[in-house]
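Heads up, there are several structures right after this.
Shared chain: chain A. Partners: chain B in the first complex, chain C in the second.
Then we have the complex of A and B:
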């Protein structure tokens, strides 16, 4: 009940970007997500926290239908982005994914040049009219990925040759190059050292200006640092959702409290 | 009671002294390493025996005995009308050229002052039966040379060649009607004068098969062309079909019992004996579709069937080896399934696909059994084809089939050529496999 009040208090200031209702996910016989309903706001960083296997990554992958690539995965309920049901029969997941970008846990640059990594999305979506246009898009994306200064002199060297943190920022740049409206991040810092993590977190905060960012994280400190809203998942349920400050200081649910104080999870 | 509580006294152990358990473990490891080394040494020994045998027995095929003679192209015999009309000249058969050869040989013997009781007709026996044809071909190509004396290098007959290579001796020719001791005396004399000698024989590599009577003229060239056209068919058909099938099965097909059955069947097909593919080719391509017998096209089709499972299996393995994170990355920026496969997965799998294809091709290149059934094994002395269509459709042999054919002929001179052919085939296979290794090394990526 309380969640709803918080949500409503925000409705006035920010629009709802993603609205999920009664989402259930099954992997074969395994019921991975049970009845999750959540409203994710635009131009906000929303963090999903919870112990391993609680379904937070699964739910994240529902938001751009990456779960479609898993044969045995079945999703029910409704997820609406800008009031359009993304699981509607008419929706092509490819178009959806151009709108909802994704950054993965492990940095996964294509084994191509840095330039081609970033230019790939705009190319296949026809965002650039000519080479100069594409150069602009690539530069802008790399700047937004906070990696431009480090790679501007070696755009043609392979993306796989960068350090882990640089690779992850390259992947973020690649994701923002297609001008998505939502950016999903699945534990983007779990493979990075603290310095690279700090850089990526700073970047996430900047990206909030333009996108709705949803981030899955194992680190509660990270959630507290970067997010405005936090949702706590446990055993396939979304237990609690609210302002980040409120979740970490005055959690309503005993399970949330146990988790953030380190007694479960 | 006190006994029960008493701990067994722990032996004080020294790190400098090996205990019994460690000693047995170390001994076992040593034994295992020794077995491994023995196995490898045995393999290397066998390999070197094999290579030594092939080279020593086959090297002879690359050398052939030649006789240098000046032949006078008598106008009176070759062009009786004297008008140099090609049609008239063609009427003189190979048989009509034999007197020219015996004249030339007789003249040479008189010039060198060699004494022999042999009649001119018998003397020619030391020359290959292809010598007359060689002169005739020359005359037909250069009719204006009639009347002149031209220097030729003729192949010596296989017995003479064998005599120089030590395969034939005076003792061994007792019942041989093809050669007599007197002829060998003549050979010795000619050799001493330097107009009969062994030298490198290019036409073994470039020439075509020859009839039983003149093994000295047989070569691998035409069968190499046959193999080339078969490989062309295999490459053009098996690579695209195999790669497309694997991409579909690996990336697009739903995982259900039908694809499971297909997968099991492909694995089984890879183990089907090749002769079965041969009989299938005979039934389908020749008897049902009425494609020509002995044609490299049919051979290529049969070998395609045989190579497909190899290509599909290796392609699927290399597609599987591409990390899923690359697929996720492509899908994550909004690439379609097909874009993610063709832009990212396939280029990364390409070295593996290439290696698999090349190894499949190498297998097909060395395959003999299916060719038996579609008529590509036998005496096929065709000329080199003049176009791709004739290359595909006119009867031809293939390298392994040619080797098999020579190995089963009676004359020991052919036996030597079979070993020589094996050398060529092995050179091809080693080259192909080396290319596969180099490509894999060069394009391999690490994550």
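Then we have the complex of A and C:
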């Protein structure tokens, strides 16, 4: 992990937010993830790239224990966030998910008003003292989701009525509203057009100020644009992890090189 | 064997013959090379069979329906008026004529008398009633000469009709046969023709269901109009008392029955909706695949139990159990005397509720499953518990569909008959006490139409007005329910 030092020069912090060791995931008999070890830094955008079915989304879902909702899924190894093992018996996955927010591939606003969509998390976790407080949280989240100006006049209209790009930014605002420490994004732009994608990417760059962002993406250009660190997954293995610039210019592993030059994938 | 069945058999044999001849001819005209044919030989054969049988059988069907009506019309005009004034109605005279005519046909077919001998029969010389009774045809009274004459007339006309029927239908079948066999050439597009025939069959099947519905509505409508000629409609819809009396002068108002129907249905829904909905939530959100595979079919068995069995359950188990709790004075469980008999609103409502549980749960289960998994993921990903997710995301998203399911259940409850016949009692009254016997629209329809009835008195005709009201009520509920369910579906497609 020597390349980390290069990062530090412009990041300023070296705090490791998530530390995974020997993580293995099984779906029934299928061995989906094989011995992945990775350190994800705070206030950094980390991209997971790789061909379809390589396990990058599965690994992402391990980080907030969303895999628990799938009956046949089994996770071994250790994943520590802020030095706390999230697969420890004493950890409540519900509380963990409040700390590790998630944005999904397809925009999934609830069939509620825009306001209620954003207020959903804060209400559940009791983050607001009163109505004014909640209004404040909602406005702040929508501003951070870069969608406030578009929706401020119609907060009571349904979130499902927005366009695809707006819906995805609403979902990001919704995730941000619960004040998570880590934000996981599972191909957040794959259902969006190029303009909406550009808006979301810009947003991701801003979110880096406050969170550690982990993004799974199919687009190598997107990984190159938004991330500081990149991990390449292939067939359930993490092949290479390093500074984004280095992965894309001088990959160490022949498989990484084949993938980013378009020969496999 | 009658002329008609011989004709049908002949047509079918011709059609089979056509099938083989046409497929053979198609191959031979193609010089034995099947690849030169437009369609497979099967299609040429089917085409021939189709054109031989369907027009002939169709005309036959129409003929069989139309001929008795026309003959009857003709015979009716020859019957002198004095016969009708003696009897109660023209219908009764006509049925006598028909019975005599049919009886004479039987006499001929059993060989008691020859065809010519029956034509020469005379009421003065022969006891026709005894003659007919001898072959098992029973006529109510002695046969009058006019009736015999009309019967002979009826027989003669029927015979002529049958002759014409054969003369028209047999050539029709032969023409269809000849044309379609001759058409079996390589260039003929038999496959397309046969497929159009199949399409016509499908359209016929679809329209049959719709036409039947329309027919039912109209028959109800006409009988209801007859009822409203005899009984004022304001009293029927707005009167407050139900007391049918077969000697006439009855109180026939729907309101007490409607009250009983709605009260029992609401009781049933109060039981069925929470239980069914909770069962659906458990099955779709919490139950593992093994529990689900076992519990869901088990729950749906409830839906397969005939409602009469539920009725017996109400009458023999639930009713007496309720009496043990709420009745019998000092001997009862609560020591009260609120309930006297096993039949009560609560008895019928509880049992009907049990009947509706699988209905509500299986519909709600489908609707809850239709809520996209991404919404659940989104909620869980924000740190909500599964129960918060269900309450705040899944159920609100499924709510319109669930409302539709409940309305469908309500329309079943309103139309349900057997449980209320056995469990609810027969007393029509306005009461808010669920431990009293009450009655419903469906129960009264059953009781108005069972036993000796003549369909001319308001006491029996009221059943049609009740039925029509019930139909409109459930139709309205179904339309609203389907509208809501459909509107909801559009949200996620």
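Basically, the second predicted complex is superposed on the first by the 252 of 265 C-alpha atoms of A that agree within 3 Å, B and C clash if a C-alpha of one lies under 4 Å from a C-alpha of the other, contacts with A are read in each partner's own complex, and residues count from 1 in each chain.
Operating definition for what follows: contacts are C-beta pairs under 8 Å (C-beta built on N, C-alpha and C of every residue); 3 or more make two chains touch, one makes a residue touch a chain.
Every value quoted in this text rests on a predicted model; they were computed, and no experiment measured them.
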A:87 contacts which: chain B (first), chain C (second), both, neither?
neither
Task = May I ask you to decide whether A:175 touches chain B, chain C, both, or neither, giving the answer as first, second, both or neither?
result = both
- Answer with first, second, both or neither: which of chain B and chain C does A:148 touch in the superposed model? neither
### Query
Which partner does A:26 contact after superposing on A: first (chain B), second (chain C), both, neither?
neither
Open item on the list: Output check: A:106 vs chain B and chain C. Expected answer is one of first, second, both, neither. What do you get?
Closed with: both
In the superposed arrangement, does A:98 touch chain B (first), chain C (second), both or neither? both
Residues on chain A touched by both chain B and chain C 64, 66, 69, 71, 94-95, 97-99, 101-102, 104, 106, 108-111, 120-121, 124-125, 160, 171, 174-175, 178
So, in the complex, the side of chain C touching chain A is made of residues 288-289, 372, 374-385, 388, 392-393, 396-397, 491
The residues of chain B that touch chain A in their complex are 254-255, 323, 325-336, 339, 343-344, 348, 445, 447
Within the complex, chain C is touched by chain A residues 64, 66, 69, 71, 94-99, 101-102, 104, 106, 108-112, 120-121, 124-125, 160, 171, 174-175, 178
The chain A residues in contact with chain B across the complex are 64, 66, 69, 71, 94-95, 97-99, 101-104, 106, 108-111, 120-121, 124-125, 160, 171, 174-175, 177-178
